[in-house]
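Next come the structures, one after another.
There are two complexes below, and they share subunit A, which is joined by subunit B in the first and by subunit C in the second.
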Partner chain A sequence: MNALIISAVFGVIMMFTGIFVKQKPVTRNIAIAGVALLLLVNILEMSGIDFFKVHTAGFMLFDRFALLFNSVAFGSTLIYFILSAPDMEKVGHYYADYFALIFFILCGVVLVASFQSLLILFLGIEIISIPLYILTGSNKRNLISNEASLKYFLMGAFSTGIMLMGITLLYGATGTFDTQFMNIETEGTSALVIAGMLLLFFSMAFKVSAVPFHFWTPDVYDGCPTVFTSFMATVVKSAAFVGFIRLFYDAFGSIHDDWKLVAAIITALTLLVGNITAVFQQSVKRMLAYSSISQAGFMLLGLLALNATSKEGIILYATAYSLATIGIFAILLKMNDHSFESFNGFARQQPLLAGVNVIFLLSLAGIPLTAGFLAKFYMLKATLESGDFLWLVILAVIMAAVSVYYYFRLIQAMYFKEGDGNAIEVSPGFKLMLVIVAACLIVLGVFPNLLLNWLYF
Partner chain B sequence: MPINYYIILSLTLFVIGIVGVLTRRNTIIVFMCIEIMLNAVNLLLVAFSKMHHINQVATNPTAGTEAQLFVFFIMVVAAAEVSVGLAIIVMLFRNTHSIDVNFLNRLKH
Partner chain C sequence: MTIIQILFWLLSALVLLSAIMVVINRHPVYSVIWLIITFFGISGHYILLNAQFLAVVNIIVYAGAIMVLFLFVIMLMNLNKDMEPQKSKWLKLVGAIACGCLLLVLIAALKDIDINNQIAETNTGNIGLIENLGTVLFTKYVIPFEISSILFLSAMIGAVVIGKKD
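The block that comes next holds the complex of A and B.
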């Protein structure tokens, strides 16, 4: 509850900052302080100190899973602000408003991660989506940004309509919006419940860009200003996944057998299409968009398995994926263009940046000793524990091997190709922050329990 | 009236909305079709609310009110979405002097 209220308040504060504060570094520092405060109060809430006693029973449930994910989301946002906030200046004139919108998105992230009533899930998804439409179109003179924004908006509104129909049919069958009290019978489930569940499944698959519903993702991620793509592909996407898993864990856990085949097919398609299309991309930004689809395939494994390991896994995956992707995007933002060629000879010019970039890419590819490896391992372990889907685990391992190809293409460009590249200037603070993020990935890759113990104690 | 009539009416409206979104080329019309989808949902929610109220009023006098509340939330969110959506359409119109959805194909590589 702490973080929800403070993030909404900080959204308003940032809007006023835009009026009263003209210096951009001051605005930036206020925003960074705001996210740090959010992280702090959220950790305090995990240790039992709640400042706002609000009665949310039946609507929201702040359990360990939700609070831990909130901490991960705030931590990632803090790192994102420190690394990439200076680059937001290039997008447009309304510097403080971008921060305000991001604080509102964080508000929605808290709602989605801790919902108990379907009303809160719907509100959370919308509070995340509407500011994102604005951020996607924030480069107003750029036609590509406009188109991405319109496309995202139409797709988002359409999938919201489908989700609402699903919620309504479910309400008709059960008479409640509370996921804990739906009591869906295992035997003889009514047609309304099945239809509602499938509609909810498809609309959430839209939001996390699982494969038959992924076609908007590459275009939107490509057209969106790169700083905001970074946020959209990491924090927002993992929040949608946490909502997805919570929904199916709480409401549809009892009829797992009815939907797991659909989920398995969608997972397999996501892994196949995401990885294989990523191989053919010429732009690093577009490659990362497809890589986000393929990583979504791995996160879907957690949804499919639906056991305690998959809850641990999704937290670890969200952390590993968010940190690595934010790091790569922060480096990509400093480049003049987004092609693979612009990284030629990068290692000679910026040995340190190239080194940390290698760690991020290795983590995304799932090489041992990085957090990405353990995250993938937890997902596969959860799927094996659930029993049925050995073929899916084999497919996932093969696809992880395919993903090594396109991640290593960037490493090859940085280390083994000659090129003048583009001379980029970065501050020592930026380098230090990147090294810290890379260190976090390696530490989590060796001791994942540093993070996961928070789920239990 | 039996609840089935409401379900059929709402689903018909909803399908009209979906078909409109998928086939029409004018952004404003697409937008209208999304609104039809949302209002079909509203209608169905109110019908279900009444149904649950009649069925459960003996044990729980407030049964069914949460769906009525949900309808108001949908209206509010739809209004917020419309304001942002129309702003996006106006922004696109300034740059391209067209509101045709076919412009969206330019992003594909």
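The block that comes next holds the complex of A and C.
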């Protein structure tokens, strides 16, 4: 509850900052302080210190899983602000308002991670989506950004409509919005429940861009101003996943057998299409968009398995994926264009940046000693523990091997190709922050329990 | 057949007919007019369920505000001619199959409903009255109610960010 209220309050504070504070660095520092405060109060709540005694009446449940994910999301946002907030200045004139919108998105993230009622899930998804439509179209003079925003808005509105239809059918079948009290196994699985559940499944698959509901993703991620793509592809996407898993764990865990085949087919398609299409991309930004689809395929394994390991895995995966992707996007933002060629000869110009970039890419590809490897490992382990889907595990391993190809293409461009590249200038603070992020990835890759123990103690 | 039943069937037929007309009409302005008729029909259903407040709000918000917005957009973008782009035959076929499957699933779902013990509370239910609605909204559902204010606030900021001149 701490984080929910304070993030909403900080959204309002950032609004007023836009009126009273004219210097952009001050605005930025207020936002960074705000996220740091959010992270702090959330960690305090994990240790049992709750500032706001609000009776949530069964609408929300702030359990360890939700609180730990909130911490991960706030930590990622803090790093994202420190690395990329200066680049938001170039997007448009409403610097403080962009921060306000991001704080509201964080509010939605808290809701989606901790809902216990379908109403709150719906509100949370909408609070995440509506500011994102705006941020996608925030580069108003750029037609591609406008197109991406409109496309995202229409697709998002459709999928929200489908979600509402699903919620309505479920309410009709069970008479409650509360995911804990649906009693689906005792009521029996009527066609009404199944239809409602599948509609909810499809709309959530839209939000996490699982194949075949992924068609909006590359265009939107590509058209969106890069600095906001970074946030959208990481924090928001992992929040949607946490909501997805929470929904199916709480409400439909008892009828797992009825939907796991659908989930398996969608996972397999997501892994296949995401990885194979990413191979053919010429722009790093678009490659990262497809890579986010393929990473979604791995996170879907956690949904499919639905056991304790998959809950650990999704937290670790969200952390590893968010940190690495935010890092790569922060470097990409400094480049003049987004093609693979612009990275030619990068290692000679900026040996340190190239080095940390390699760690991010290795983590995304899932090479041992990085957090990405253990995240993938937990997902595969969870799937194996759940029994049936050996073929899917084999497919996932093969696809992880395919993903090495397109991640290493960037490494190859940086280290083994000659090129004048583009001379970029970065501050020492930026470099230090990137090194810290890379260090986090390696530490988590060796001692994942530093993070996962928070789930239990 | 009581008068309520006759009204129910009449309104249902009206809603279904006008909803179909919204979709098959090629002229956007006529589609919007049919949509308004659909909303009025649904408001009639609300009144049959003794939910006068919902009926009035439905007319004010949907038939009033949102429809006016639709008409404005259509007029400003000069869409008031028959200019729907032609889709390929395969696309139409795929769309028909997909929507047909969804229809089948929904019909199967609705067929299952046990209608004997869950009849509509015509004239007896009172949850749609403004007093009861307000009580529920500010007691049981106060948390979602308050949270939705965050949603509207972010939407307002977004509208200003998008709409203001640079």
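Throughout what follows, the second predicted complex is superposed on the first by the 454 of 457 C-alpha atoms of A that agree within 3 Å, B and C clash if a C-alpha of one lies under 4 Å from a C-alpha of the other, contacts with A are read in each partner's own complex, and residues count from 1 in each chain.
In the analysis below, a contact is a pair of C-beta atoms (placed from the backbone, for glycine too) under 8 Å apart; a residue touches a chain by one contact, two chains touch by 3 or more.
Note that the structure is a prediction, hence the values are computed from the model and not measured.
Trainee: On subunit A, do subunit B and subunit C fit together or clash when superposed?
Mentor: fit
Trainee: Taking the superposition on A as described, I'd like to know which of subunit B and subunit C A:Thr56 touches: first, second, both or neither.
Mentor: After superposition on chain A, A:Thr56 lies in contact with subunit C alone.
Trainee: Examine A:His93 and indicate which partner it touches, taking first as subunit B and second as subunit C; both and neither are also allowed.
Mentor: A:His93 contacts subunit C only, not subunit B.
Trainee: Can A:Phe104 be said to touch subunit B (first), subunit C (second), both, or neither?
Mentor: After superposing on A, A:Phe104 lies in contact with subunit C but is clear of subunit B.
Trainee: So, does A:Gly161 touch the first partner subunit B, the second partner subunit C, both, or neither?
Mentor: Only subunit B; A:Gly161 stays clear of subunit C.
Trainee: For A:Met15, decide between first (touching subunit B), second (touching subunit C), both and neither.
Mentor: second
Trainee: For A:Ile276 in the superposed arrangement: first (subunit B), second (subunit C), both or neither?
Mentor: Neither partner.
Trainee: If you stack the two complexes on chain A, which partner ends up touching A:Ile194: first (subunit B), second (subunit C), both, or neither?
Mentor: second
Trainee: Vertex at subunit A, arms to subunit B and subunit C: angle between C-alpha centres to the nearest 10°?
Mentor: Computed from the C-alpha centres, it is 0 degrees.
Trainee: Contact-wise, after the overlay, does A:Lys140 reach subunit B, subunit C, both or neither (first, second, both, neither)?
Mentor: Touch partners of A:Lys140: subunit B and subunit C.
Trainee: I want to verify one number: the closest Cα approach of subunit B to subunit C after the superposition, in Å.
Mentor: When the complexes share the chain A frame, the smallest subunit B-subunit C C-alpha distance is 5 Å.
Trainee: Under the contact rule defined above, give the subunit A residues that sit at the interface with subunit B and also at the interface with subunit C.
Mentor: 119, 123, 126, 130, 133-134, 137, 140-141, 169, 172
Trainee: Which of the residues in subunit A end up touching subunit B in this complex?
Mentor: Its residues touching subunit B are 119, 122-123, 126, 130, 133-134, 137, 140-141, 143-144, 146-151, 153-154, 157-158, 160-162, 164-165, 167-169, 171-172, 175-177, 219, 222-223, 286.
Trainee: Which subunit C residues qualify as touching subunit A in the complex?
Mentor: Answer in residue numbers: 105-106, 108-113, 140-144, 147-148, 150-151, 153-155, 157-158, 160-162, 164, 166.
Trainee: Applying the document's contact rule, which stretches of subunit A touch subunit C when the two form their complex?
Mentor: 8, 11-12, 15, 54, 56-57, 59-60, 92-94, 97-98, 100-101, 104, 107, 111, 117, 119-120, 123, 126-127, 130-131, 133-134, 137-138, 140-141, 169, 172, 190-192, 194-196, 198
Trainee: Give the list of subunit B residues in touch with subunit A in this complex.
Mentor: Touching subunit A: residues 3, 7, 14, 17-18, 21, 27, 30-31, 34, 37-38, 40-41, 44-45, 48, 51-52, 55-56, 63-64, 66-67, 69-70, 73-74, 77, 80-81, 84-85, 88-89, 91-92, 95-96, 101, 103-104, 106-109 of subunit B.
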